[in-house]
Amino acid sequence: MRTRPGDDIADVQNQPDGRGIALDYVGVTGLHYPLSLRSPEGGAQTVTARVDLLVGLHGAQRGAHLSALVEALEGARDQVVGLPELVALVRTMRAQQDVRGLPADAGALRIRFKYFAKKYAPASGAASLLAYDGGFEVELAGAGGGEKSTFVNVPITTVCPCSLEISDVGAHNQRADVQLQLWQALDDRRIVWLDELIRLVEGCGSAELFSVLKRRDEKVVTERMFETPRFVEDVVRGVVVAVRERIGGVRYHVRCESQESIHAHNAVAEVSGRSA
Amino acid sequence: MRTRPGDDIADVQNQPDGRGIALDYVGVTGLHYPLSLRSPEGGAQTVTARVDLLVGLHGAQRGAHLSALVEALEGARDQVVGLPELVALVRTMRAQQDVRGLPADAGALRIRFKYFAKKYAPASGAASLLAYDGGFEVELAGAGGGEKSTFVNVPITTVCPCSLEISDVGAHNQRADVQLQLWQALDDRRIVWLDELIRLVEGCGSAELFSVLKRRDEKVVTERMFETPRFVEDVVRGVVVAVRERIGGVRYHVRCESQESIHAHNAVAEVSGRSA
Amino acid sequence: MRTRPGDDIADVQNQPDGRGIALDYVGVTGLHYPLSLRSPEGGAQTVTARVDLLVGLHGAQRGAHLSALVEALEGARDQVVGLPELVALVRTMRAQQDVRGLPADAGALRIRFKYFAKKYAPASGAASLLAYDGGFEVELAGAGGGEKSTFVNVPITTVCPCSLEISDVGAHNQRADVQLQLWQALDDRRIVWLDELIRLVEGCGSAELFSVLKRRDEKVVTERMFETPRFVEDVVRGVVVAVRERIGGVRYHVRCESQESIHAHNAVAEVSGRSA
Amino acid sequence: MRTRPGDDIADVQNQPDGRGIALDYVGVTGLHYPLSLRSPEGGAQTVTARVDLLVGLHGAQRGAHLSALVEALEGARDQVVGLPELVALVRTMRAQQDVRGLPADAGALRIRFKYFAKKYAPASGAASLLAYDGGFEVELAGAGGGEKSTFVNVPITTVCPCSLEISDVGAHNQRADVQLQLWQALDDRRIVWLDELIRLVEGCGSAELFSVLKRRDEKVVTERMFETPRFVEDVVRGVVVAVRERIGGVRYHVRCESQESIHAHNAVAEVSGRSA
């Protein structure tokens, strides 16, 4: 649907629209595509990405050329990609929408995928993979502006400090999700690796998670988590401190949502800011 | 779409189909409708139900009359309903599909909704509501056969007996979902109340959940859960024993899935059976 | 968990936190509660709401008192509510967090629910209910600032103008979701009814949806939709024009996402703005 | 959690349970893991699988050894797998649970993943990938019994024959999901390729879907779908006929659910059977 001009049949998208209403974003959402992501070790990890591809639309034009967006992604499929290649992809998408003499000035890409990292159980050393929700976003504004960002969701354990303090025995604990997103300037050359963000966040909970734990590992993990009780507020503040110490010059958003084991609802804390 | 004959325009559903393939179920799914459910105290609770309405289709007919299914539900909207009224609704749905001389022999209804029960915190007595996923199902087969069933999902806490035993301090615990479904014969006059099933299940976990807990309640709940550690296997077996003791002559399915706080995956146990 | 001071046991939330990091929001999410919503006709509609309750947290305090948030909601349960009562609820929530001499300056509430409106089929007049996702949000900032908003998701049909123009017969069409959110100043006395927004949006698609359509209704709906083909861009611009004409002095966000019947992905258009 | 005996700390799972209630399944669910699937062309496709690993549990034993299940999967990670390797994996899982002299007699594996197939637009030949939900299941019963199965969900377009017949112009159409699952005996040596099932199902709708369609492709697809209107009943019967013709000696389940563009609910048809 909605291809670019050059075909010999009517180009309805390319009609003028008289209402003069520019649209922030037009595009495709919920497209699943395999991508090959650059790894810190120099290789690549094949992921199944859920992709949104978007461009701004001038007030004078009826519709965007959506098939060109998917073609641009298909064109990038054989590459190993990271944020720099995804920024280039959005520039290509935006340039291809240049019809009626008016290039799209905005362009955006948002992807989410399961990312796997290898973990070793703390006592036995048993190896397994843990899945994290990872993502990248690119936002191009007019006149060269814009940002690129890296996202990760890291599941952790939280032991409730209040429950631990007031109870004669035990404390409630639960799985919690920590979401960390960092925005960089488009010309920032530094690579923020998902693995780096995962390690940063895993150091801020009561305990980190593993896919395989033998009994002696479970003993270590349980005892460790009870030594470091954390509210969702504590986790978020810990992540903010670690980001400020390790990664300068970025905007951040940190959120921790715990699946409270004594309630049917969740507890949440979140904060946005900028590191110096 | 797909109304019953009597209109003066073509009835495409009512065309014959030459392939001779009867279909187990044809109908509508994902229809949201408000329902007024009979309560044990004599009143009613208004719920937002997600409804599937289905009939069998003979091999000789091309399509079912789907709008008649929704009309039957709309016709029941002003009633206070429980399983007996839902069985009557499915009989109506089935009878209305009697075209080409062949009544539908199968009919089914499946509904799911959030059901609220009042709870009092164990020390302070603070009142609040807790939401449970409830449901009813009716399955009519040919020649008078069939079953009706009641479903509830009850969130509880489980404290891991292994972690408690092997660790010097604490034990991992987490929210878990217990699903209990009971099937009765169509002519079984007994009413199985959702509230009865909820209480039965809440007695089988390490602790039950509450929407409001003050600090002295949290102390009670935490200490109680550490006195009654439960694997998912323990929970399921406990529910089976309770069903067998309290509700005779039913088929049951019991499943417990816990959101393990030391893993990113869940632990599950399930069993089906019949009480004497 | 996490009650307010006054109990005679340790108040861990109320401990100081030395890192000096204020949090934008702390609270509970995913709490299901029944609410009684004020209707335009003067009555009320009981809905099952999914509720988030949030407050800001000063840098000097370790944790918020989460049980007080749920208690505030429980306290409002017997009322018929609309946006004015929800604003009052957030003010109450915020005031109750005033500990260590520092009141929370931010407070927020976000609810979503299925909202039912009665519809009559266009030819037969057959009555049925259609479910819409509705919602309300309240955001209180410090010093009296903030906003309140009304949200609705309206499913419609879109017939593709391009497919209609270039094909010798037919055109692809599909279900699409239109999301409209309007923000008002806290002291804006006007009530924006969900029913009003639903009617506004349903006038902007190729056709509106119904739960019951007899054959002669289906004929009318089909023919009508092919007379008014709409891209997602057309729908969004039409909603913007209608909002500007009918509801002055609000911020708006409009989004249309169509489940393209010739693709496995969706098409989307969105825009934010302010009416004069 | 829950490792096998041999560690020098308490083995709580291995305790006896006095209630004598055998459990149908105990295991882990919702585990995400990357898998390398054998392709028809001889290569492999890396997928992100959602995995359930289950074993039966005798009435005499308290708990299963869940970490051994994940270890078995980790052990298979470097292999290229298909159903034969997955059957072997479940046999391994089951054998490793042999404690207290009683081997688990049941074992099961269920996986789901996005599977990508290359498609070429019908007029332009433009290449793109389309994502399908694929899956495999293995069910081992006692005494050598059991089954293995292959699952695919194929999105298609359906044009409503009723709407087409009764309307002066156009017809409503929509995206629909066709689910096809085939069960084979464990010793059936034939490989049922996902690609084969996808092609079979795509031949039974009004049209198949593509990720990239240029305008001249869209014209072809639109005109083609209006030549072959299909109810969900027609689609299901078409798939049954095709399975019976092409794949003998299997149990099948076929389901088609269409996201009706004139309703907010779906239409569904389904049938189970066995090919000769």
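Read from first to last, the chains carry the letters A, B, C and D; within each, the first residue is number 1.
We take it that a contact is a pair of C-beta atoms (placed from the backbone, for glycine too) under 8 Å apart; a residue touches a chain by one contact, two chains touch by 3 or more.
Computed from a prediction, not measured in an experiment: that's the story for all the values here.
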Co-neighbours of subunit C and subunit A - touch as defined: B, D
Farthest chain relative to subunit D (centres taken as mean CA coordinates): C
Residue-number overlap at the subunit C/subunit D interface, same or different (half cut): same
Subunit B and subunit C: spacing of chain centres that average the CA atoms, whole Å: 28
Chain centre separation in whole Å, for subunit B relative to subunit A (CA means): 36
Inter-centroid spacing, subunit D versus subunit B (mean Cα positions, whole Å): 25
Residues of subunit A engaged with two or more neighbouring chains: 1-2, 9-10, 31-32, 70, 131, 162-163, 166, 172, 211, 213, 215-216, 218-219, 260, 262-265
Contact set on subunit D toward subunit B in their complex: 1-2, 9-10, 12-13, 17, 19, 21-32, 52, 54, 57, 62-64, 66, 70, 160-163, 165-166, 172, 231-234, 236-237, 240-241, 257, 260, 262-272
Residue ranges of subunit B in contact with subunit A within the complex: 130-131, 155, 157, 159, 162-163, 166-175, 207, 209-211, 213, 215-216, 218-219, 221-223, 225-226, 259-265
Contact set on subunit D toward subunit A in their complex: 1-3, 7, 9-11, 31-34, 46-48, 67, 70-71, 74, 77, 113-114, 116, 126-129, 131, 211-216, 218-219
